[in-house]
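Below you'll find a set of structures to go through.
Below are two complexes that have chain A in common, paired first with chain B and then with chain C.
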Partner chain A sequence: MNESLFTPFITPTVLGLPAAVLVILFPPLLIPTSKHFINNRLIIIQQWLIRLILKQMMTTHNAKGRTWSLMLTSLIIFIASTNLLGLLPYSFTPTTQLSMNLAMAIPLWASTVAMGLRFKAKITLTHLLPQGTPTPLIPMLIIIETVSLFIQPLALAVRLTANITAGHLLMHLIGSSALAMLAINLPLTLITLTILTLLTILETAIALIQAYVFTLLVSLYLHDNS
Partner chain B sequence: MASVGECPAPVPVKDKKLLEVKLGELPSWILMRDFSPSGIFGAFQRGYYRYYNKYINVKKGSISGITMVLACYVLFSYSFSYKHLKTPAGRSWAISEGNSQEGVV
Partner chain C sequence: MTLGTRRSDISHFQCQMLQSIIKNIWIPMKPYYTQVYQEIWIGMGLMGFIVYKIRAADKRSKALKASAPAPGHH
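For the complex of A and B:
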């Protein structure tokens, strides 16, 4: 049973070559670009979505922060499309691999911090100490704030990995239990199948929400530092 | 019967489309295709635009355009994970190459 629980998360290989690259490169095929003014329905829907995301996310930033719009928009679209494609049967979700999420989180977080230190060094350093702390507590609080700063990329990556992995695992377990109970006890199977349906709806929501949260937090770190 | 405007000179084998190649000419047709990286990339690009212009880039495209792609993606992923799915769950003492543990459900 252990082996079958882990099989959805194995990186696909073909004769030893990682096919994970192909799987990661698949979502852009579903997002066409267009040079025309009037487009087909798929492009119209996607352009509307991108405008919505852009407006929602970039209004709180100043001019310097808005140079990040392309990065953040493509980030949220990538994470959302990868998570949603992972809900299809037998597909491989790259965001379940901690390596990939760390590779996304650490450079983004580090560049927000580097931007803050480069352009507003004094203000970035003063962020380490909340206003109005009593004097004896200052050394301890600075250490705490520094630790919380360094935990941010780890939290970003682990949050995304854990949420998506846990959701997939739960669906796998409940689905296989429903299948096993089919021969034994039919009403219980129906209840389990209802739970599975609800869980699938939840997973769809989570796929989108995780993308949103990831991008929102990066944008928040950017706002602090720009 | 040749129509009036048809040119009588034979088209070279290399430029024929696949359905117009006669069976005897098939090996030479395959050998003459462009298998360089840019040739393969061009083939993928042509295929992509053929599908795109037929099913998606139309005035009233429906959801089936993208559903066909997702169905192919599911089949593709299934073929990738076929090796792991061959042994039924809970019986990993069946002869499989990687794992030889004796696990029971």
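For the complex of A and C:
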């Protein structure tokens, strides 16, 4: 392996110019659109999937929360497609960059808090104190709940970054160790390659699950505040 | 000058692009951008502020390091 462990995570440049925006804008190009009423099988499968995601995400919301359907559906499709494309060799995954995940998490979280404070200020503030708290603990618990509120966007971003980065790094390490052992010990290489195959399947699942978890948590924060 | 490279051609294409953007993006998404996503604009403003603060601090620390190079470490 002639590339270092940092190479998959360097933001892409084309002849010295940053290409990160192009890489981020690329996954939607792979999703076909159709203006016809009756479509071919691929579009029908896509529409079925989007309808499934929509129903699963938005059933628990009220009318105000459902105005965010487009945002949440786009979010899960974008993160899932970006993560899955990142599993291809030599590709760059934008969601491994903390900057991008923070740029997704902070506006979404801040907008749910702003929505709560704007339309239901008293109820939003009462969320800072769980029900049934003993009186002496109230000041400390309010501080703890406030801190946990401000940690939410950081947790969202870091969770996605760490999961995807760690998975890619692990695949890189096990792949390079299998390659190094090929000339030395063939049975051990085969075992390592089996582990790598299982890990790749796991990473595919993690790519989809992390997209779901991110969107679900944003949806939960929205539900609390709408 | 050849057709398509004159300044009037370039602004004609830019007008067409603007018209296409307005017709395909702004008009369908107008209720979202103006009413539904008001708080998201506030969130994006907060994020822009944080990005500005981080970049300014980075610039300041780089300027400080460049102006006062540290002595050799033992």
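What we mean here is this: the second predicted complex is superposed on the first by the 223 of 226 C-alpha atoms of A that agree within 3 Å, B and C clash if a C-alpha of one lies under 4 Å from a C-alpha of the other, contacts with A are read in each partner's own complex, and residues count from 1 in each chain.
Everything below uses one rule, namely that a residue touches a chain if its C-beta (ideal position, glycine included) is under 8 Å from a C-beta of that chain, and two chains touch if they have at least 3 such contacts.
The shown structure was predicted, so the numbers you read here are calculated from the model rather than taken from an experiment.
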Touched partner set for A:118, first chain B, second chain C, both or neither: second
Contacts of A:46 with chain B and chain C, given as first, second, both or neither: neither
First (chain B), second (chain C), both or neither touched by A:106: second
Contacts of A:73 with chain B and chain C, given as first, second, both or neither: neither
Which partner reaches more residues of chain A (counting touched residues only), chain B or chain C: B
Contacts of A:204 with chain B and chain C, given as first, second, both or neither: neither
Touched partner set for A:81, first chain B, second chain C, both or neither: neither
Overlapping contact positions on chain A, where the chain C interface meets the chain B interface: none
Chain A-touching residues of chain C, taken from the complex the two chains share: 32, 36-37, 39-40, 42-44, 46-47, 50-51
Complex contacts: residues of chain A adjacent to chain B: 1-4, 7-8, 10, 12, 14, 19, 23, 26, 29-30, 32, 40-42, 85, 88-92, 176
Of chain A, residues touching chain C in the complex: 67-68, 70-71, 102-103, 106-112, 114-115, 118
Chain A contact footprint on chain B (complex, rising order): 48, 52, 56-61, 65-66, 69-70, 73-74, 77-78, 80-81, 84-85, 87, 89-90, 92, 99, 103, 105
